[in-house]
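Chain nomenclature is as follows: A, B, C, D and E, assigned in order of appearance, with residue numbering initiated at 1 for each chain independently.
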């Protein structure tokens, strides 16, 4: 296992390297830079802007900029943000990452707690009304764009019913302890549901079909032939096996969640990595874009590695060496 | 009797261990069989029907839409529905109904063309990778890894930013070039299994060239996964285009698209006060994606009866 | 290209196919850098010859390398080492493009009648394909040939418009045979051609193959996993165990006088319906070892009832024990 | 019903409903199994022999498959009239079953021990440690010298033959009156087949149970069976003792089969 | 079995969490109350809604004490809370509470002393002596002195300074040397004593108050920091560390979400009534909803309420709209010339090298284009109906919006919407449809197509592009509208004189108050994106700033009227509209000072009334 992880890392590092070059090239190809603001203020002397460009190294040839960036990364520093003046990229990421993590964890929680049981239930009751309901729900979950859902959710749950706040991460920056936790949770619900919607549908359909597959497998027949109760057959023999493919899905879930977070965070004004990335893109903040890409690349790698490890835990047939 | 419950809309496809199927007296080619199975699936037929409606609705636009979707009228912005403007007008006074209809063309074209690009790349690279294996496979797989490391939307945003002024064609090509790795991997997997099938060996034993094996034996047998994945991609891309438009990175004005129309509802005022402006495009997206997914599901079942209702 | 070897013995029979010291090792990757850490020795130093017009049966259990051997002879797999000589020509190393014309003379029938026919081609296309590839005859001639082949294997000519899924397993195997015959090959390698068929159908297919052998002057290499099927059709039988030959002998000789303990066990496992005959069944202990990690010395020694110390140390060589009867066992070699 | 009859199957009918079609997988089958004896059902694939055994266990794959008629009397008790709960107590307890595919019949994610302990704990009410002990005994009986270690192993660590031994141990764990073996050796290598058949004979003697052996291999039948029925198209086409059938086969199907085996 | 229980447990847990959360939400609304000290009540401040009377300062102390006001805007700040480095207006919103300058604008946009108590100018306006208010302290208790002023100006002139605020200092005596690092002393700003500071300019300053109006940063904090490190110093970015003299101090914040400002009880102008002000970043889609529900008390600059929502906000009983005119404006620029690409490369602006764009060099064509635009329609009716702006704007003919003191309604020649006149002018200039395709050809009979580039990011402006295309088509001008670019990309092609562009849409945001158009319209300045070279105009602009006449505002008003007329006739820009800001506050907040440029003036006077 350790060898396997090591090998994966060895493959990954050069790939990450290539990716940073690609992203950097892409980023520097984009016209404009962080100093061409959204609204021009004629009181700012263009010469001063030019000096600032020089000072920030924006006038260096791209390869020099890249090497500079890389040497900073080598020292564990992701560089200084260009748009958020005076802030380092890692500082920015750390300030936003928790929000995206909460959001992702919560939406994953919703996915697993709603998606999996519904899928299992539908598989057990195949061809019943409940099954059709769940399947249809799954189809809709995949067909409704999540921003559309978000707008509807804000409209109904925040403004009509007043159940959940429509915006932000917490109602006051000054509360702490349990109250803060609950308050944050309260703010997580709508964005979490939005982000989780498609995943719920996907996992539900997936686990349903996996369950159906496993339910018709030989060893389930063996278990029944041993006189095991239906509950044992479904929850012990079938579920464990049906979960295995789900793990791969989970490995890639990090990436999916971050992508989804871009839109979700925008609608709910939820200051996380997705929103930060969008800001970075809109303002040509290359170090920020690269830093986030790097972070997410690493996260996805770790996610996949974790999935592989979980694989080995859940499925004894798999041993990596 | 425990057949399908009343009112069920699904064909029962579970194949029990059975004596050789006796009902097949007539001679059907595999394609005809698939078509037959497909049309026996009520949901799939409903999907086809819905999809055709959307297509007809969108592409017969010149026949019944009086307004030019791009024609602005600053004197008549945010108009309510009227006999002239069935769905009112938007913030530049453009006719919402015309935009809905013509927007359908754009959304569908985006979906279809990306699907075509991705399928072609996927089939070509998947074939090469899955059939030849070896170093070429390694290279292709590492490249797909590269793409898969990054969240798709972030990559799209980065690229769209560089291309600055995006039009439909550029957007389609860009998305196509970004989306291909997924389908390539899936098809590679299909080819890997196919490669070990005995009829491939028998073709090789007969002296068939690699090209012939790929064209005559591999691709026709991978057509199921190819088509099914193509429908999935198409549905995903229609949603993606609307999401991109929503965050302002999609197809720019004045080209109408459903996503752009929804983006105009990004104000509570419009959301609550002008449902006619955003409900129709929202519903159209849902209907279109839903119908494509129904079709995709039906195709999957038709191609592979054992995978019923996954 | 190496020179063809002069045919020595027996003089009246002509060797059509010969393999010498043939090996196929599949690498096992491992370690951090995925280096090759070992090999699965699927076929390990096998030498064989087949005479024109005869049927050589190759028998072995799973993992014995019999299918790998067959595929190597067809050059569907490239040998790791050793020579394959067809009609005096060394075909073991020539390029794939040069092999193509040779395919005309060698064809293969596969085990699984469901997997060996392309489900998306009509039967006519399937049978025609080898001719098309080999560019034999005009379109019309090929069609006629398809019809005659179909009739020859006992199918109606309308079958050519149908698709494989419309046929039963036995019928499909007939289609597979018709395809193999379409280029008038000299040698047909049958890789367990009847194993997947129902017993009653097996005999029909075997009978057909025998008839065709006479009609077309075919040479068969017939691979099977048990002796009962091979007994029916073979002239000589080779027994494989873990990538190596255990015993090769003319059929009658082998059944009457099996020398290798493994052969003896296999023969005893052939069911008999003579319920009055009280036969001592030899039940081998233990499982087949993995070909990735074969036992030292004689690969069979872990299960051999007669094994002695030498068997664990030294690999037995093929020893000639009679007319065309060879065995690799220390019981028959002087130490 | 005679005293020595363990299982009596009367007019068993199992149909499959697909779309508008009805497939009669088992179409009015009658037979009896005597105590301590072996009955073999022989037939081609699709003849309904496997479906018959699954019908006895009421494991017909639903919802398309359905036992529509008949009676399955085990020691006089009609299994088809039992509730699901009652039937669970019969399966694995009064009837053990071994399937064809040793590679897929064991759950890959549980140890051999877990799978062998399950029926012991359910039907015999043994504690975990008791079940473990009993499991070890059973494994030793079916030929695992290092049974304690084997208990902790996963199915994929065992070869096909060993798995089939585990299956037999599981099937015999609760000392069933009847062992149904559905093509138990078909997927195995020749030399391993011999081992398994040998083991089945040994187990039958040890537990004094009856065996319902389902196979297409007449060699196996000749070796194992006391009585034989031949099925074709869901119906019994010939019924005889071993001697009768082997010496004087009547049905054309049987005759055809013989030609291959005896060739 | 176990697993089944586990699932049910999880399900139960989820529902209870959801329930709890929902309950918590309910508590929340009432929950904020206990935090506030029991109001002793809001009787006194009652009718004082228009706290714009300066005289109210004294009564402010009697207004109800405590409470919190939530203020919303659309985008998160950049988190650079140091006036010398910030660039975003969102950060400016935060800093408006914290930092103060010597001067600030009054409601007529004239600069009045603020931290300064009084000032004197010498006759040629090259020297200004400023006396500071007494008793001003920084948030950390240190006294505010003239040294802080000197330090601030030294920092924006320092060799290590990389910010963009040098314009405030660059005309001071000795700036060049100091900036170049050749002098340790900065003669331009000198502290006479703790309360007196003297500014000296190389030449007469027409706008001395403006030049002295840069927000002051504390020397006692940043004096110890390497000048190059100030930007990333924690006192520029971190909570609790940002020190100013203003009425509020930066408290806790949730980055990108909300920023709490705590009252500075020692504020020199009087302790704030409120305990806290919370700035919240909120999506524009929901902002009106939040306003209606009372979750947000104020919606402020720079975005305000989007025009399409104004009508519905007006309907709300609890909300008051503040609609001052904005000083910024939107325009369509005509690329009259281009810099050659060598000059672009070298970053040189040399009017002699400009390449003329023949398509637009004829003033009649430019006038025709303006005549063809129905700008009234774009802006929409006064009643908030129709138009791209829903009436939230005014048609503009010269770059002085009505709010500016330089505005003179009679100054411009006012090229009204008149398609006939437009076609006439085109015909005069030789542009006629010779091939009958509906579009005019140029005088040589060649196809005449104008390319219009525009950026994304401002909905009315985006919409205008298509409207312009169609309105110009009406008079026969064929406009090719480029697909929109993001702003940075757009501004780059405009700035770098991409020769495929004939016209572009852009806007100027003018917050400074001084109407001097020189920075934008003088021929050789970089911001002269149209590359309009006109000596007459240059001379007029120069005149508007020439000492000593320009010391008198009336003189400048005259000059700018004259210039406005000239510009409106020469049309380097087709001026489109100036915006009307739509700011709003709920009636819960009292004491708001109305001001044309900000909602955030004197927040210490705000109070909460229930």
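Brief remarks follow.
Going forward, a residue touches a chain if its C-beta (ideal position, glycine included) is under 8 Å from a C-beta of that chain, and two chains touch if they have at least 3 such contacts.
As the structure is a prediction and not an experimental result, all values here were calculated from the model.
Within the contact network of the assembly, the step distance from chain A to chain D comes to 1. Under the contact definition stated at the top, the chains bordering both chain B and chain D are A, C. Distance from chain D peaks, on a Cα-centroid basis, for E.
By number of C-beta pairs in contact, the leading pair of chains is A-E. A centroid comparison over C-alpha atoms places C as the chain most distant from chain A. If each chain is reduced to the average of its C-alpha atoms, the one that sits nearest the average of all protein C-alpha atoms is A. Chain A and chain B have centres, each the mean of its CA atoms, that are 23 Å apart. Chain C and chain D have Cα centroids lying 34 Å from one another. The mean-CA centres of chain B and chain E are about 45 angstrom from one another, to the nearest whole unit. With each centre defined as the average position of its C-alpha atoms, the distance from chain A to chain C rounds to 54 Å. Counting partner chains per residue, chain C has no residue touching two or more of them. In chain B, the residues that touch at least two other chains are 4, 12, 14, 20, 161, 164, 266, 268, 271. Counting partner chains per residue, chain E shows two or more touched chains at residues 283, 285-286, 289, 457, 485-486, 489.
Those residues of chain E that touch chain B in the complex are listed here as 283-289, 306, 308-309, 311-312, 374, 377-378, 380, 386-388, 390, 456-457, 459-460, 462-463, 465-467, 470, 481-486, 489. Considering their complex, residues 57, 59, 61, 63, 84, 88-93, 96-97, 99, 101, 104-111, 118-119, 122-123, 154, 156, 167, 170-171 of chain D touch chain A.
Residue ranges on chain A touching chain E, taken from their complex, read 30-52, 55-56, 80, 83-88, 95-96, 109-110, 113-114, 117, 151, 154, 158-159, 162-174, 182-183, 185-186, 189, 231-232, 235-236, 239, 266-271, 275-276, 279, 282-284. Put simply, chain C touches chain B in their complex at residues 71, 74, 76, 99-101, 103-104, 106-108, 110-112, 115-122, 129-130, 133-134, 161-163, 165-166, 168, 176, 179, 183. The part of chain B that touches chain C in the complex is made up of residues 20, 24, 27-31, 33, 197-199, 201-209, 212, 216-217, 220-221, 223.
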